[in-house]
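Next, two complexes with chain A in common: one pairs it with chain B, the other with chain C.
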Partner chain A sequence: MVTETPIGKIRSDDDPRVLLDEQIGSFEPVPPYPPRTERESEFYTLGDGEMFLNMGPQHPSTHGVLRVVLKISGENVVDLDPVLGYLHRGVEKLCENSDYHHIISQVDPLEYVSSLFCEWSPVMAFEKLLDVEVPRRAEYIRVLTGELLRVASHALFQGWMALDLGGLTPILYSFIERDEIVEMLASITGQRMLFNYFRIGGVNGDVNHEFMSRLGDWMSRAAKQHETSIGLLNENEIFVRRMRDIGRLDRDLALRMAVTGPNLRAAGVPYDLRRAHPYSVYPELEFDIPVRGTGPEGGDALDRYLLRLEEVKQSLRIIDQCLHNMPDGPVMAKLPRLLRPRPGRAWAAIEGPRGLYGTYAISDGTDQPFRMKIHDPSFVHLQLVVQLMRGNLIADTMAVMASLDPIMGGVDK
Partner chain B sequence: MDRPLRRRLETRFANELTGPVRQRHDATEIRIGPAALTSVMATLHDEPDLDFALLADLAGVDTGDHMQVVYHLWSAKTPDWLRVIAEPLPRDDPRIPTLTGLWPGAEWMEREAYDMFGIVFEGNRDLRRIYMPPDYTSFPLRKDFFLPDDAARSPGGGVRHVERPEAPPAVAAGSLRRTPGA
Partner chain C sequence: MTHDDPGAARDLGTGPDDATQMGSDQPGQHPGVLVAAEPRDVQAPIVVPNLLWTSPNAGAYAGGAVPYNHLKDIRTHDPEALEPTRWGALDVVPTKADYITDLIRMNSLWPLLSGLACCAIEMMSAATSKNDMDRWGMFPFRASPRQADVLIVAGTLTTKMAGPLVRLWEQMPDPKWCVAMGDCTCSGGRYKRSYSTIEGIDRVIPVDVYVPGCPPRPEGLIYGMMKLGQLVKDRRGHWPERAVGPNVPADV
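Up next, the complex of A and B:
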């Protein structure tokens, strides 16, 4: 039994083995222990005229609980060190201890803005493990609801982006659009945020009359509504000049940093999993892949912002086609209640609003996966902030971070 | 399933492969030893007819017997995903070379695998814990780390920032969940 209490810690009243931080909520930028890695010792050594600035973990524009230690010289960021883990829930460990049906509700809160996409890749991986054929109507419903949520997610991105630059109005319009979509989805899933809707082998319940009438109503004015929200910001000179030429990302750096999704396409790489590695019914649907920043210097924050707006138009096209082409039939494959896939491995990846959502699942023949790795695009994109921010102004840190659109729930898993 | 890719991989990496090339659904799987990792990955990335430009995922795996590091790669030259399994890494001292020279974006993925499994990626400049607190001593996704039956009563339970100062007790080798064939 340990008897000495380390400095800065107190012992829990419930269990004396547990150490608690004495002062919760105070953050010293420099850690109280010697540096453990090359990078850490380099970062925590101050040069001439430099100082540390602690930002977070409760900073309003960090899109969650993220702490960033900035090393600044005057108004310029010399280097930065993101500190993660404030939202870590151990989802992968929980998934290893849940049965296959239960996992869908475990992965839902990973990325709370677009939770259907978090469900989609595990469900696809398990279907590969089980060799299940998904009914075509279910695939169409998945694409339809997924694209609706992509529109909602990009609408929210637009509002956040403006909010991080100090504009309050667009987020109000964003939430009007998002609210219409989540209410629509709530009529078939029963939930506004964590839908828990996809099932292994299909979806939980067919589309109903309320959903269809809400969707038809929304579709009749969605394009116009989108034009309105574009007009709010795209002609705003302050917004455009703040966004231009910050956080430039070129093709080579983007690929080497393992970037995917809109951020990669805004760096000039026409890579979209819906076309590059087709899944579900996407091969049957017509849509374009917008690409920006094809020049040698790549795309900036404005390109990443504009690309997402163009993607919304393509999503509206897909939703329209889904409504017209949706076949009749069942929405669930016939499967036993208790799933025991044969031992094996499966990887499934989908294109979400932020990039590649992947799941690597290993089955050992029991009703729980032996290992489940969840790949979240926000996690990869956040480490890009370090590369893009060096030499920029402090005020631009949040703009660049917002233009990459990370969600901390996905980063911290 | 991309049969030509399988033949290309078999001829190109005849000396490095430690098992047969397997294909199922839309994935092609190769197995290599940890020592060959850097050269195999550089070939996969650089050679024009392979051209695996994108590292889609990096996952650590504890099979109960040994550790693996599993990489998923994407290339425009093939409709398949390529899964590269680097094994075996001994459970008591797992070490593997880093890929940050080829993909600097692998840095955080390697930090995550280190945090969760204790796999040491030699050459990674920033191999710190990424999710767990810096003075945490165990590796949560290893198979000898069990979830407490009752979170409310366990020393690790509760919503406050808590930590267990002592290393977890050693577990009898026979009580681990394992998949030797993984």
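Up next, the complex of A and C:
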């Protein structure tokens, strides 16, 4: 049985594999169905002198497969409509059909630049459901590896930011830093990117000699490398003048749109989950929370860029303290192989490099969660693009989008 | 054994009853069965004496089809092929330009800049300073499909992205090749059970090299691209005959 749908023919009702025919190949900015909402009919009605411009989903400078339909008038963007779902992999549904240990590997590829943070919040939620106490050494290892990955993520952000503005060199320096960090983490986790390292009640393995020697080697020159990468771009007048005064985000809009993480702190709100709702061993560690854009106008793209560079310095401070304060002891709590939490619900949130990662899990007493909701900061931040881009130039679209630093794996889940 | 012999996969231990519907198990599509080009009629070569220099290795002037299918066979069966001047200073000009053009193609594979998900980061890592793909002529990631030779599908292919990706593939000019990078593109990987992913891109695009791993290391991708270079040389002239896996109807 073949069913006709707006996107093409579907072979049968129970077979989700879409037969590709010519319809799906033709790529018009306007959707092939009548407008379903008021917003859609408003957006897809052209005014005088306006036209649509399709950008993506395969585009060299998007952070993944995002498609944006721009409504332009000359060089100015009148309105834009991000079209999501090109990387929707159904992670939440898969998690509800996996047991609790298996879920860690399913949520890993959500934000593939900082995958440990995607593991962290589900693991914390399940620990709340099971009422497990995590050994202190395991908590220190989590913080240590997490902050390392935050440095890698912000390093990549810096490279991508420059790449989206047309500068090719900084990405080469970013990847040197990122490759060193992920190779270091690979010596304890066995993987370079999707680590699958955190476990419910601890971490998969203790730190080993190779990791510590690589880390010590890297720490001895990390601060200097960071200064070098700052000098690459921050003194570049073209870069600074290009980034200044685009995509201004003020305090009110940021709070209204539920922005978190560096984007919120660059709008003048000193809110960091590591201080506001302390978790793990963060209360014992000393670090500052950098804030920019405290004026009435809020922060622009340059503020968001500079704030992430300052966060890297704080992460290096945390790593240093973790190495000095790490206690001895086990890295896993004693837990049965098959986990059956009592019926209940739990919410856990952590501060990732992009903002608040949260997990809301409902247990019904079986070995699989009844419902698992993943809150991802990239999805929230992508909504801002519409607010920030109206009236700007087409060429600034990618600069503003890059300064918000969304990762499409997390947006589409 | 030709490329369309239905019994070709039997050598790998699969009987006729074990035949599966996977595209990669079909004759001529199995990555383990690299089928060399059938010798075709070659006109008499034009001999131009090379007066400047002559290779000491007589095998450098053997001509004809390449007698090996795999990289390892170069060392075991045909040590003469290691002679670097084999395709170098020729004093015999082949009348078929395929040999020379394929040599040029395999040494400058230009990929299309298209990343889908996680593997794209490792693909970028393979292109940057530490693992420098440029050393093997694979670097310039072209942003336009019109200028690209190789489509590296890096990351999970969802049903919504399949249409645009196939369109990209169709826009690339022949000859073109496809590398499936990562478990998701080889077979579905960790998202095989999902309702919205395509279980292996060989359902929509003919794949030449599969690079498994979740994600594969950058070295793995570079090795896959080097195998693709070998394929370009071995299966020359057979590219238009490739078919998509049997799960997709012929009119796609």
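Keep in mind that, in the parts below, the second predicted complex is superposed on the first by the 388 of 413 C-alpha atoms of A that agree within 3 Å, B and C clash if a C-alpha of one lies under 4 Å from a C-alpha of the other, contacts with A are read in each partner's own complex, and residues count from 1 in each chain.
As a working rule, a residue touches a chain if its C-beta (ideal position, glycine included) is under 8 Å from a C-beta of that chain, and two chains touch if they have at least 3 such contacts.
What you see is a predicted model, and the numbers here were worked out from it, not measured in a lab.
**Q** With both complexes overlaid on chain A, does A:Gly85 touch chain B (first), chain C (second), both or neither?
**A** Touch partners of A:Gly85: chain B and chain C.
**Q** Just chain B (first), just chain C (second), both, or neither: which does A:Tyr112 touch?
**A** Second partner only, chain C.
**Q** A:Glu38 in the overlay: touching chain B, chain C, both, or neither? Say first, second, both or neither.
**A** first
**Q** Looking at the overlay, what does A:Ile238 touch: chain B (first), chain C (second), both, or neither?
**A** neither
**Q** Please determine whether it is chain B or chain C that touches the greater number of chain A residues.
**A** B
**Q** Touching A:Lys93, do we find chain B (first), chain C (second), both, or neither?
**A** In the superposition, A:Lys93 touches chain B and chain C alike.
**Q** From the superposed pair, tell me which chain A residues show up as contacts to chain B and also as contacts to chain C.
**A** Dual-contact residues (chain A): 17-21, 24, 85, 88, 90, 93-94, 97.
**Q** In their shared complex, at which residues does chain A touch chain B?
**A** The contact residues of chain A facing chain B are 2, 12, 14-15, 17-21, 24, 31, 33, 36-40, 84-85, 88, 90, 92-94, 96-97, 128, 255-260, 271, 276-277, 343-347, 349, 356, 358, 360, 362, 364, 370-371, 373, 375, 379-380, 382-384, 387, 412-413.
**Q** Show which residues of chain B lie in contact with chain A when the two form their complex.
**A** Residues of chain B touching chain A: 24-27, 29, 53-57, 59-62, 70, 72, 74, 76, 79, 81, 83, 102-109, 112, 116, 125-135, 140-141, 145, 147, 155-156, 158, 160-166, 177-179, 181-182.
**Q** Please give the residue numbers of chain C that touch chain A in the complex, ascending.
**A** Per the touch definition, chain C meets chain A at residues 113-118, 120-122, 124-125, 128-130, 141, 143, 155-156, 158-168, 170, 190-191, 193-198, 203-204, 214-215, 217, 247-249, 251-252.
**Q** Hey, which residues of chain A end up touching chain C in the complex?
**A** 7-8, 16-21, 24-25, 27, 57-58, 60, 64-65, 85-91, 93-94, 97, 105-106, 109, 112-113, 156, 171-172, 175-176, 178-179, 192-194, 408-409
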